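Some structures to go through are shown next.
Across the two complexes that follow, chain A remains constant while its partner is chain B and subsequently chain C.
After this line comes the complex of A and B, so read on.
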């Protein structure tokens, strides 16, 4: 199904766009202009155009202007959504330290709010924590501090330092010419790194962009969903040799739970763990004499997952997408086992992951000399090493990827939380756009379905879900434009929930409603033969009646 | 799996393999799917339609062997042949005569069985408009990166497929269902295979993108069955699926066979009908589409190169001292079912009881009739 795009003219934004009656009016206005069915397109510059089918509006309205009964007034009009250009606003405040800008330039600042704040800032880590109470730390807002070129706060060669709490410190670029322009260019670069770029927004709309233009990064992360289930599995194929213990509960509560708590606004998470005995990998590793170890080459890795997956059993429980993280302790006869990448080099983490599925890590155990060994050997898994890898894989699977930055940028490590605030913001920006796009496509296709099958019955709760979805989506668009990321995301999530509930309602199955031509096709062969003698006898009765009327006049 | 490992070990040493492997690595991401689903439907019931169940089960077997797990397969069988009272070999469904290949196996999971296989349930599975109480195994939880294989078999005609001898699904309904799936991006690419009479009519009406369709016969032709087995008494497989199964037995998870080879399966000389296919809605060239893109589940993998730096000191973990567990006795199963007693018990001696009830009454009647007829005084001649 192709989508063509139609642009709004500027004058339609004169009225207050929050009023839903206004949207209806716009619809009818455009209908009268004879607009056609229009489609969705991922537009340039990170904007989106979404438009539904306005045709249905005209059909629903009766000749006297009343709505068609049984469907609820205005349902069709509301269902066809009206979205203007996506406007995403990031509130950025730029703070100039004293002496950062030369005096002449300072006067040219468009508006400035001078605050006298004295704080001793020695090292950069302290700077971030010290500056935190000074800035407003709402979702999506950024603060950039500009310090003089010669300041010792940042080490040599580092132009920008990005902290973990939505703030960045940059050196004022020195040089002839317009310093302010250089500052604003640098600030734009920082803001793009910390919130969103055109590419990331286009990737969020990836359903609507032809496949060739996408990189592998878009196929790796999970789609926006309301919940995820994370399963940690320990695979012990050789329990006779290894008695493996892992303190998974403590590791999850110490390392994984803070990460998931930070992502708590994004989705619901449920974590479980299991230990599988006698579960082998599907591929036999090769022995490599040079390193006297066993090797799993990169080509055999895709075939490792399938035989194990049937035994994981994690997919029987919930309807949410499942992320599986497997820790494999190789058998004694196959130890040590290393993974090689395509160039033949050993992989440092000894782990690999599969897009939209999860990750596997191989944990090698040190074996003492054979005669001293007392089987089974007790193995206590070093959970820190394991969780470092699993958290990295978790980040990749959620699409929190490393942003390509120029060399002068220095990023602060996210620490035990695994996720910096601005990375969360990046995720929320793309997820919000993705949610709104999904809502519009869902409701548009629902409208088309209703269009096609004229006599489909829409229950009241389906109608109310559709209204709620449209209202929430409009709220989300407005909040995005005004820069309130948190409320925009919540509104988009509610819109998705309502639209999915409306679309997948079991009563809307097209099979249950017969088109009129099928009804004719079934009933005509039944009733037509029956009708022929009835009609003929009616004709006969009428003829006789006519004759009997004529008779008395004749016999006189 | 052993076979695939052998192939790998053989190929690793040669130089040509290394160049080929680079192409393979690039091709991994060409198809754009990350998971595979299969919906396998057999629509006919009754014992003489044994071959349709055998068709579906043989495709199920191939698909499982090539890696798709049961959680990603929706299997719908309209009747039970393995435990049918007319089956001389219970718990088996054979696909080759002389009982060479049992496609029923040990771990078949049928999701929709018997009377649950209806047009409505099939369309609900495809479109996702399922009542909330449906268990997970009965749902098609595909996403926009899923390649789905849909295989249907049964009795069909020009534009319809018969379900359970009582209802039918038309090609228009099927095309609309696929369109609903595309609207919600419930598939990345879809392969539709149908083995019925006049099967090509079922894919004529498709209009959604990324669908490739194969059918066993053209409009106006009948699909014929392959071979009867005299021991079981029915035809075991249909010709088209028989040769497709033979073709699939050669495929292993790492094979590079493409769709053009599948189109050549079962030429007119073997199949008597002319198999057809439709690729105009499909974006990629069938030459580049691997069989395992739909029938298998080859996962894309990436090496994990980065780690997150964690500081264990910040976490208030109490390092648990590993307790030396007390050596406990190994646990045994309690004797819940005294099997030995049941097997070896002798039949109990029944105590004798005088006849009562019906037998007594019957004899009394006979004696009364006898004496009525012949009179009491004649008794002395008897004794």
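After this line comes the complex of A and C, so read on.
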């Protein structure tokens, strides 16, 4: 599968001319080359808050499965998969504050909406909350507020402020030249930060599409799945010296659950925890005399997990992938234990994570006195410190990573939910694309299986699942193209469920079908003796033909 | 591996941080007890019974309990997902010889046995049972996934819940035995993994697979049941018992001597208790028949002696408490040794009050007879016993041939529950309540006919025979001496799994031998032979027909003639007759 993103797309948003709330704008995005151009077409002028709804269009080439030839029960089915285009549309509203644009530029704005807003906003945090009811309440829809350069709303040196929800506030860039073009460029930048970039979409497809040039960051997130099991394990390899207690229930309900509630639309989550005793890491740490501590170097970390994993156990009751978070309290003879990175510096959090598996944090215990009588030492784990690390790792494992942003961008902290609305959108964009790619590969494998075994029987219910998968995938792509992120994600999820159900149907087990070469082998006792007279007579015919050829020369 | 420094989310946690990370330590909500019981058997062998009990004061069926400490997560999730009330799984290699070894503390049939009581809120018990057995199969690496409707029964009287239960509707019970199951190290490893101390500390150190399977009997089990949290019994606790019984043979392990030590049995010694256990003890059965002279000498001298009445008998146990600091003062490791003071004649075998044996008889491959002999050796007391027979569908039982005789007279069972088999769907189930008169042998016979199976239904190696699961005897055996009720929490674990109804009798469950029955087995290479033969015949016919049809016949002028003709011509020449 190839992946081409150097495509221009020019989409025009045609609104009803009588509708005073809309303007016309065309974004021409050239996403892969980095030189984005945004062109704002002229329109009538206005004042106050303008509501605009331009479209930022990113076009990415992906794969689309189309089902061909499945006609009822027992039919031979063939799936041909065509490369098609992913078209992702982000609805963006750009709202201009009064005085944000110079008069001359205002006249160039496409359309004016005279929706007055009288709120007096002093602080940026307030603004973020106060502007929330004004926005469209739909997934993926962004709003950018343009405020005058001189506005005191944003602190000095901050050009763009990205809020907790789906909105951003930007200072109108000043200076000579086309202000609107500058605004457009800035808006493009904001939209990319808050929704998706080519890189994020590429990363989402990377699991389905073989690509070499991707870095480790893209392989880090978990694959899209309908549910996840999150397991927190406390490893206490030395229960004789440490009596470790952790208040995991409160920590989960306090920190993890709000985050997962926010992600509830993405997947189902279940959280559990366990304490494992005598579970040791796979490598013995090196003693460092200088700091009188034990060191686990970055190179040895890959060997750490395997022996532990045998004890962790998979979830007995569900088939969802498991995310493991281990808190390791080192043995008394090996503490304190520090993780060193490749440069030899100690890692501040004393934690590391393994892509698509989970994270491990080493929690050192202070030993007040080497008095044997006091053992075991009671240890109450500081869950705030631990959960900070685990939540950060959880975000990384879900692919909610920091976007590289210019200096002047200021991000609002996600609050106690651990996740902002636009970060959720980012995740949904990539997940939707990934789901569609998954459906495509699943159906391709199914088609390959059908090609391999000719007489396989496709039952009615399997066929209908495949039809449903293709229809849902197409719906998802349509919805993506029209900017309805929520419904696109739901459709892609349905497509994944249907396609997996079709693929894993027990009737499609290829071992159920008797291979043809063995059938031939059974009838060899018939074929072999029957072939003997046929071959003999063939030989005879040949000999006679040769003789009859020779005979005329004889008569000559 | 990519690894990241996670310093992103300092501000994430500023809001909504719950207080009380270092709260006051409440009472431990779960506890672990471990014990090892060494009991010399009358035959000179020795039985070692390990019991590990994790008790959890938590309501597993409540939604949201997902934080596990001593209770293994895999089993806890299973119970809460499938709404299990009680689960009993045993995997056994070998057969407990009740006659020579006496009554076992924990009974188990040869092979795998699983019986589960579900909660009454389970709507589709069969589906839950199927899924549960599949998951258990994965957890314990056993072939429990072969449990299906053809070997599952719902006994009405034999299996009652062992824990707290107010529902005894037997439709919530499922019982299955796989007598063909072979138990080996791959079943032991996951079993050991469920222990909180794994096999790193405590008594579990002794569980060395190569020794445990070099025995004449090996049985490991998992029992999960709800129990009363306290005396008032207002709330429920969950109890997980992991038990393991092995019998070391005098001759193969003990080199013919009857002196045993921990090292000789397990090739290891005990150095410490599991630090998580609240109780860790080794019991050695030193009770002797005659009070005046002790036969057994135990070294090191036990710290205390415990007397308990177990299975209608007063027993004396030497107790080593591994948590007591006195024990490891003298030496760093504990190697319990048993020595017989004088060579004991092995003839004082006291046969247990109840034992049974079963065999299959008859000749030919059409009919046969299953006979079960139940012995009551009690000198003066009669007692009833519940017999459960599960026979696979391919042995068609003739119930009219059921004959129960005791002392030459017919014995009429007071309760019979018979569920006939359905071909390929469910097995025969026969449950009977039989009164056993004092000092008697009761013989139960029933005839059967062997069914013909489809060729795909034969197991691999069908000439080995087909197993019939052991029959189960459950009885309240009257005890010779009165037992006093003890607090279940205080008494040793091995006395407390089966509840004793009152002081005058005790509960016994016995399993008979599994039977091996030969079914009419076809020659599996026959289809290929037939194909070969018919193909050859067809090919030969085809060849001659082909020759007949394709060959052109034309009269050939004799050119030189054969040898006979030449000879004839020579003779004719000699005679002066013109040649042919």
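The working rule: the second predicted complex is superposed on the first by the 404 of 556 C-alpha atoms of A that agree within 3 Å, B and C clash if a C-alpha of one lies under 4 Å from a C-alpha of the other, contacts with A are read in each partner's own complex, and residues count from 1 in each chain.
Basically, contacts are C-beta pairs under 8 Å (C-beta built on N, C-alpha and C of every residue); 3 or more make two chains touch, one makes a residue touch a chain.
Every value quoted in this text rests on a predicted model; they were computed, and no experiment measured them.
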{"item": "First (chain B), second (chain C), both or neither touched by A:380", "value": "both"}
{"item": "Partner chain in contact with A:506 - chain B first, chain C second, else both or neither", "value": "first"}
{"item": "Which superposed partner A:300 touches (first chain B, second chain C, both, neither)", "value": "first"}
{"item": "Partner chain in contact with A:157 - chain B first, chain C second, else both or neither", "value": "neither"}
{"item": "Touched partner set for A:389, first chain B, second chain C, both or neither", "value": "both"}
{"item": "Contacts of A:348 with chain B and chain C, given as first, second, both or neither", "value": "both"}
{"item": "Touching partner for A:264 - first (chain B), second (chain C), both, neither", "value": "neither"}
{"item": "Which superposed partner A:255 touches (first chain B, second chain C, both, neither)", "value": "both"}
{"item": "Which of chain B and chain C A:223 touches, first, second, both or neither", "value": "first"}
{"item": "Footprint overlap on chain A, where chain B in one structure and chain C in the other make contact", "value": "216, 219-220, 245, 247, 250, 254-255, 298, 301-302, 310, 315-317, 341, 347-349, 351-355, 359, 378, 380, 384, 387-389, 391-393, 395-396, 402, 413-416, 418"}
{"item": "Contacting residues of chain B [partner chain A, same complex]", "value": "1, 4-5, 8-9, 12, 21-22, 24-25, 28-29, 32, 34-35, 67-71, 119-120, 123-124, 127-131, 136-137, 139, 141, 143-145, 173, 176-177, 179-180, 182-185, 208-209, 253-254, 283, 297-312, 314-318, 320, 322"}
{"item": "Residue ranges of chain C touching chain A (in the complex, touch as defined)", "value": "1-18, 20-23, 25, 66-70, 72-75, 77-78, 81-82, 135, 138-139, 193, 196-198, 200-201, 272, 275-276, 528, 531-532, 535-536, 538-540, 542-543, 546-547, 550"}
{"item": "Chain A residues within the chain B interface of the complex", "value": "1, 207, 211, 216, 219-220, 223, 245, 247, 250, 254-255, 282-284, 286, 297-307, 309-310, 315-319, 321, 339, 341-342, 347-349, 351-357, 359, 361, 378, 380, 384, 387-389, 391-393, 395-396, 402, 413-416, 418, 441-442, 445, 448-449, 452, 503-506, 508-512"}
{"item": "For the chain A and chain C complex, residues of the former touching the latter", "value": "216-217, 219-220, 231, 239-240, 245, 247-255, 258, 270-275, 277-279, 298, 301-302, 310-311, 313, 315-317, 341, 347-349, 351-355, 359, 376, 378, 380-384, 387-389, 391-393, 395-396, 402, 413-416, 418, 522-523, 525-526, 528-530, 532-534, 537"}
